[in-house]
Every structure is written in structure tokens, then in C-alpha cells.
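Here is the structure we will look at.
Chain naming follows the written order as A, B, C and D, and within any one chain the residues start at number 1.
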Amino acid sequence: MARLGENRWGKSDVRVSKILRTESGDDFLDLTVQVLLQGDVEAAHVRGDNRGVLPTDTMKNTVYGLAQEHLNRDLEAFAAVLCDRFLEREGISAADVSVSQLIWNRRGPSGFVGGGSERRLGRVVAGTNAGVWAGVDGLVVLKTTGSAFAGFPRDEFTLLPETDERILATSVKAVWRYSATPADTTATWETAREAMIESFMGEHSESVQHQGWMMAEALLGAIPEIEEVDFRLPNQHHLSYDLSRFGIEDEHTVFQPVSQPYGDIGFIVSR
Amino acid sequence: MARLGENRWGKSDVRVSKILRTESGDDFLDLTVQVLLQGDVEAAHVRGDNRGVLPTDTMKNTVYGLAQEHLNRDLEAFAAVLCDRFLEREGISAADVSVSQLIWNRRGPSGFVGGGSERRLGRVVAGTNAGVWAGVDGLVVLKTTGSAFAGFPRDEFTLLPETDERILATSVKAVWRYSATPADTTATWETAREAMIESFMGEHSESVQHQGWMMAEALLGAIPEIEEVDFRLPNQHHLSYDLSRFGIEDEHTVFQPVSQPYGDIGFIVSR
Amino acid sequence: MARLGENRWGKSDVRVSKILRTESGDDFLDLTVQVLLQGDVEAAHVRGDNRGVLPTDTMKNTVYGLAQEHLNRDLEAFAAVLCDRFLEREGISAADVSVSQLIWNRRGPSGFVGGGSERRLGRVVAGTNAGVWAGVDGLVVLKTTGSAFAGFPRDEFTLLPETDERILATSVKAVWRYSATPADTTATWETAREAMIESFMGEHSESVQHQGWMMAEALLGAIPEIEEVDFRLPNQHHLSYDLSRFGIEDEHTVFQPVSQPYGDIGFIVSR
Amino acid sequence: MARLGENRWGKSDVRVSKILRTESGDDFLDLTVQVLLQGDVEAAHVRGDNRGVLPTDTMKNTVYGLAQEHLNRDLEAFAAVLCDRFLEREGISAADVSVSQLIWNRRGPSGFVGGGSERRLGRVVAGTNAGVWAGVDGLVVLKTTGSAFAGFPRDEFTLLPETDERILATSVKAVWRYSATPADTTATWETAREAMIESFMGEHSESVQHQGWMMAEALLGAIPEIEEVDFRLPNQHHLSYDLSRFGIEDEHTVFQPVSQPYGDIGFIVSR
């Protein structure tokens, strides 16, 4: 005879981001949530009777549905609201909610840097096709305003709405070639990095391509020794999560970050 | 003066799965697609004019939209259909479509094993809390029929439709404790693994929990030395991709595998 | 007042591989081992007194040291030998040893395929630079005999000994261009894959480059439509672990797989 | 007839770290290097003649061997020294050296924070076994002085030398339980994080366990609401790379960071 022991079911890796509007600008939260429930589900296991099995899809929706009203910097308070909500259901004996917040560093009124493993790059080729390159990889930047995407062509497969305001986030990889190696490559690298971040945070863009072009212009303007730069700007999508489906008036502050698939933008700019 | 050089834009990591119905049972494809376009987009970069920028979201939708009619085992033929489609657009000079197919091994009329890095586990604790465990991790199994999920409770956050037929896929981690170590631990492990796969492929289930319970019963039935087993069964969702939005009659053979978030099911079964 | 509660220390991710010589050819084990100990280490935590702290480096060495005599297909027996060894020490109250074996599939008397996530690749470019490519990625192959590396140049930084017999393992990425797309791309791909595996397993090589060249020749010989192939063959090193340092007569069957750094070999072969 | 086209060989993922001693304290570099060579190696591919094949193991050793004298913050200068060295060899036509530096943030005279993806954790359980937890994960800290490991027991498998000075690095995961939830969980979390970093950087330790114990004491001292804390401190080893084998007087500033295997330390501290 088999006997059911300890058990739980839930939803893991629920990614939710939120803009917190404040007097001094936007704040931004980037969370991964896990919900695990315990309860009276022996009939579900043994006989396939699902009457006690709250779907894990519903748990996910509950996280988004309650985020607009209840999520702010107090992670434990949000987790407690979720726990209470799930415990209200008959047959649930324990709710376990974990929240993991990725750290971002504020940069200006609506900009953020961080959330990854940034690297400085250097490269030298000697002999055939000789040259000197430098660059950055994993420079993650995000802004909550100052980015649009509209005026694009449509066909029968186009569902994307036009927008004049969206979250724009990307992990910058930029590799530039020096026509002459600067005297101080470290100071030059820091100036180059700052120029790209300043441009990203400060300039309104109509697309990732447009934003990237302006970053390239800023880079070439700041560092005369750069002859050419190769950008790769994967679009780290934060999708609007439609709360109106739950009868909630949607304030458009709650998003679903999605890592697959991603917009994949690359281009070279030279003098 | 900055000058735009080589450039491309596209969508990467587009995951699409498809059931191929055949006389001898279902075949199954698990693909990751990348679409990269080149064309006349200097105005988009320099002036933010998006009239030539086919959205990468549209590229993604095109992959799903054309998969029902055009995707079969001939990956290059599907890639060519996609290329032709994108090249039809004015202003596109090159289309580059890459398809990467994860290998699965057929097992029965609608079952598949593979697609990952499977491991056999062994564990011994001596001294305090002594015991002997064995197990499997990363045993990825999938079936295209024989799995339902219905009769579950609903609330205002429940959007999930009931279904009596869905793709069920999981990466089995099962760790069992031996009351007595078998004479031949390798042969025992192979028998245990077979029992779980047979049960998964052969038994209709009403939920992941129900499927897992039957696997546990099969395991305990096959190996008398097993006292208790701890299962973890992450639900590897293959979501229906609604083709009716594109004016296509949906045959429900095209799916979107989604790795985040995932249903997270765990339970212990003992004698 | 702070009080020490439950605690343990150990070594995780100890990678060990072993050749098992049998009458019917070589068998091969690829393991990752974790050792965790509990014991009387309050003085170590509170006062920095290390007299009870067996170094985790010693645990690692013990795994390699005992593998030659005690490791075979019975993972639990090896784990038990390790546990007993650690428990012999004064002050150790529990030893917990976990072994995770990566699955490889035997292929011939000394060859193995598997241990990863293999993918079939297809790619089509239309418009500028049009072409059709196919390929394989993550095809992991290993052989325990039939590979040498000697006769290379030496300088003051060269420590590598010459060898006429070593484990050779690589994860093949090969992408080939078709001059004409074959009628049956799936059957062609399977023939291509088999030709590469047969060549790897069957032909003695003097280096990764030499092995790869023969695989390319086999591929071009088997598939007339292939015009050119681009190979990438990262060397998955299995380093000899010098057991003589422990006073053990070294039979050269125990190895340390090392993933960082790796030899990185790439080349193109055309007709 | 097969014909060899473009080709290269080299060593990827060569990890090297270096302490730069300065008047104002220690600086620290954490690099991953790739070396790729091109040259006259057709005979190696086609006939297995290795006379032109500089071993990739030698390339790795060259990186470590030249790091002591030539590596500082100017990545491109170090890459150029390596290129020149490889180009001196007969038959080498191109050397391509890439350096990728992980970013760390200076903290005090010999401490560093960063190099990863840090997360703030919060967790609430309601119902059975209710409680509130908070914590940090991926808080990577390193110091170049102030850490020893000596006085440990030895057996025939012990090779580790005793040391009164080593690089100590770990990725802190600490999860604490609140006896009462603080009024401001965010400010409390920041105070908790600071207390752990201050303790790590400021207190000399005899082992990871000893360092962790002091961090736990600092944490309990700073936050009265914490009842218990569970630490996991994987030892991110930076191994001395013995340069004396190359006839170089070793100044002990060059290290090899190794991610597999790692010392795995965990313990609970309560009031």
C-alpha cells in the first residue's frame, strides 16, 4: 500500500516588475516570486479529483492581480497579503510565499543600472588583421519613461499595439575599435561607459535602434580614438500584464519580464 | 559624423513545439528559432522613423502562424518558407532564419524521452540519520495525449480553461530511500527508471499530482527495497498558441514551450 | 548570546571520471560527488580553532584517492566507502556523500555518446548572401583510447607531458553549407551525424585538429551536397589525477574532468 | 579532395586574478582570458604532425607566467604583451587575445563587493509552521588580507599547505527569521547587509566557519528582531599558481580562481 506523505504544489519563477511612482521620480522593483501551498489534496493525488487543487496558473495571476494595490518595497508585506489570500480558501493548510528582488541602482529620475554581471572587455590582435578593441558586456540599463515604439508596418501577424511610453531595458554589449590606443585605457573606458549610460537615460527614443544610434553617437563624440563600434542590444521585454481581465482598473504599473523570446538588435556605427 | 554600417534586427529564442500526427502515432518537434532581417532601416536608426521596421513581435507571430501549415521534420524547408515570407516585404534585403531542434527519443505511440542531461543519483549517510538513497534527476518525459486537467476550483483570478487533452511534460527528479540496499544497485536503478517511464507513458492522468502518484505506485510495486520516494515534478508547460487571432483555423498542433514560470509539484510517497 | 545550531562542511562539485577496463572493452563513469560532514566544530566556529576541521581539499583528495580501488558502477557502495572513511576520524558524527552520474551511451569497444543536450541545426539565408546550412550542436563524444598528443614544440611555459594514449572528449558543433539542398534533409542529417561519430570512434588521432580533419573528410565523403563545413571542437579535458602523491600505485584510470579552461579548436574544411 | 580553410586554435576561459599592491591598499583584478592563434598548421590537421602546434596548455601557462610582471589595469597592454610573445614563434601568423574583466567595487583597504547578481529575499509562511524570513543571496565579497587557514588535522590525503594569509571570497546566502517583523523591513535589510559586510571586511578570520560566525554575531547584534540565521558560504577558491615552475620568482600576487569543486560551508546561528 502506498501512502501520501508531505506534499505541496505551487508556481515558481513568477517574474513581476513594478514601477513605483514617487515625488522624486520613479522607483522600480524587479521580483521573482514563488508560491507553494499545502492542503487537503490526497483525493487529487490518489483519485485524480481536482476539486481541492487551485491551479498554479491562478496562483500566478493572483501575484499579478494583487501587485498593483499591495506591492511596494516591503517584500514581506506583499508576501503576507498573498499568503492570507490563499489561506482564505477552504482546504488550504499552509501558504509559503518567497520573493527574491534583483538589485538595481537608481540613476536619474527614471533610470536604473545593474541587475547583472558587468564586464569590461579588451582585445588585441597582432599579425594578420591587427587591431585593438575595447568594450563592455552585461551593462544592464532600464528606464521607465522616455521610450516609444510606434509607426511600424503592420500585417496579419501584427498584434503589437503602438505605444508612446514603455519600459525600455537592455543588456548592452558594445565593442569598439581604437584607431589609436588611448594613453589611459582605463579612464577612457570609464568615460565611454558613462557616455553611453548618460545617452540612454537622457535621450527619448523611438525604438531600440534609435536609442542605440544615439548611444553610438555619444560614444564617438566622447572618445576621439574610437573608429567604429559594434552594438548588440537584446530587448529585455517587460510586458504589460492586463489586469482588466480580473475586473481591476489597470494603472499600467505592473509588468511581466519575459526572457524568451527577445528582440535581437545589432548594428555597427563608424566615423 | 557617424555612419551606419552593417546591421540587422530580429527575434531570438522563439520556442515552438509541434505535434505531427502520423499513422503510427504522434511525432513531436521541439524547436528554437531565430529570425534576423537586414534592410533599409537607416531612417529608423538615425531619425526614429519606424516605417521600415517590422516589429520583432510580428516575426515571432509569423513563426507560430506559419508553423501549422509548413513545419514538419524538414527544418530547412520551414526556414525557407519563413525567409520567403519576410523577403516579400518592401525594403528587406536579407532574411536569415536559424532553427535548432532539441533531440527527443520516441517511446510508444505518443511518448518521448530525452531533451536534457539525465543523471543517476546515489547517496549514503553514515552516523547520525544514516540511510541509503538512490534516484534520478533530469529524466525528461513528454506525452502528447493521455493527460487532462479539469474540475479544479475557480475564482476571479482563474483564466485557465479546463482540458481533457494536453501535452504533459516534466523533468522527473525522484529520490528514494532503501530499507535494504539491493544486491545489484545498477540493475535496480534501471528497473526503477523503466517502471516510472512505463507508468508515465501508459497511464492516463487528471493532473501532474495524479500522474506522479501513479509513477510512485509503479516504483514501489517494482522495487520492494524502496521504503519512501520524494518526487519533484516541475510542469514544463507547452501553451496553446491561439492562431485564430491571425484568421487561421486552429488545429491545436502548435504550442509555445514556456520555461518561466512553471508549475512546481512535489510530494513524498511511502509504503 | 549567539549559539551555534545545525552545521556541516564539505566539498561540492567534485568531478571524477573513471575508466573501467572490462573483457568486452572499456566502460566509463562520469561523476560529480558531494561530501558533507558534521561533527564537533563549535570551537572552529567560535574561536577559530581548526583542530577538528578536516580540510575540504582533503575530502576532495580522498574521493580521488579511493576511486581507483573502490569506484565501479555501484555508486552507493563507493559512497559508503567514503562515508566509512570519514566517520573513522575522531569528532565526526555524520558523513553524507552524494554521487551524481551523468549518463553516457556506449558506442563500440571504447566509445561513448551523450552527456548533454544535442541539437540538430538548420539555417536558410535568402536575399543577400543566400545559402542553406545544416549542422549539429552539443554532440558530445568521448573515447578512452585511440588518441595521442605528442611531438609538439616546447618552451619554458610548457609543462604538458607527451602522451600516446589519452581520453579524448569534445562537444561537436559542425555547421555545413549545402551546394544543393538534399531531397531528404532529415535522412541526410542522420547520415552526416553517423559519419562523424564513426570517424571519431574508429580513427586514431594525433591531436584534436587531426581528429577533426578526419571527421570532416568522412562528412564530405558521405554527403556529396556538402560544400564546406565549419567545425568547433572544444577539448573537454579529463586530467590525470596523480595518485602517487598519496603513496598509491597509479593505474591511470582515475581522471579529473575540468571545464575551465578548455582547448578551443576551430577550422573550416571545404572541397 | 578536402581543403583546409580558415582555422585557429587556442585556450578559452582562462581565469586569472591578481592583487595589485598600491600605497592606498590592495587593488584586485578578476579576469577571463581567451587566446586564439593562427598559423602554419596544415600538416597538423592533415597528417597529425604537431611540430607547429603550440599546446593550448602552454598558452594557459603563458597567461599566468606573464601576469605577474605585465598585468595591471591596462587590459589592452597585457593582451598586447601576450600577442607579441606568441607572434615571436615561427609559423604563427596571428595572435588574438581577449580579456574580460569582472567588475568589483572597492570596499576598504583590501575588500571588494560585487561580481554577481545580488538579491534581497523575503519569505512569509502562513498557516502551519508560520513565520517571516528575510535574507540576501549572491552577495559576493572578497578580501585580499585578513584570512588564514592553519592548525587543521592532516592525513595521507592532505596536501593543502597551512597559510596565515590568503584571498578569501564567498557568495553569501543568509536567511534569517524574525521573531517580530520590523516596522521598516527595507531599512532593516540594509542595516543587516551592512553589518555582514563590515564584519567580513573588518575581522581577521581563521577559517570560513570562523568568518561566518563573526558575521552572524554582527547580524544578531545589529538587528534585535532576528531570532536565527541560516548561512551558506561557498568558498570561491583563488588558488596560488606556482610560477617557480617557470623559473620565475613568485611574488604570490597571481591566482587561479576555480569554480569546481568548491568548499561548501553552512551553519545556523540562533540567540
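The criterion applied here is as follows: a residue touches a chain if its C-beta (ideal position, glycine included) is under 8 Å from a C-beta of that chain, and two chains touch if they have at least 3 such contacts.
Just so you know, these numbers come straight off a predicted model, no measurement behind them.
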Third chains touching both chain D and chain A: none
Superposition rotation for chain A onto chain B, Cα-based, multiple of 5°: 180
Classification of the chain C:chain D interface as same or different, half of numbers criterion: same
Distance from chain D to chain C - Cα centre to Cα centre, in angstrom: 23
Centre-of-Cα separation between chain D and chain B, whole angstrom: 35
Two or more partner chains touched - positions in chain C: none
Those chain pairs that satisfy the touch definition: A-B, A-D, B-C, C-D
In the complex, chain A residues that touch chain B: 1-15, 34, 36, 41, 44-58, 60-62, 65, 89, 149-160, 205-210, 212-213, 216-217, 220, 228, 234-235, 245-247, 258-271
Complex interface listing, chain B residues touching chain C: 38, 73-80, 82-84, 86-87, 92-103, 115-130, 132, 134, 137, 181, 184-186
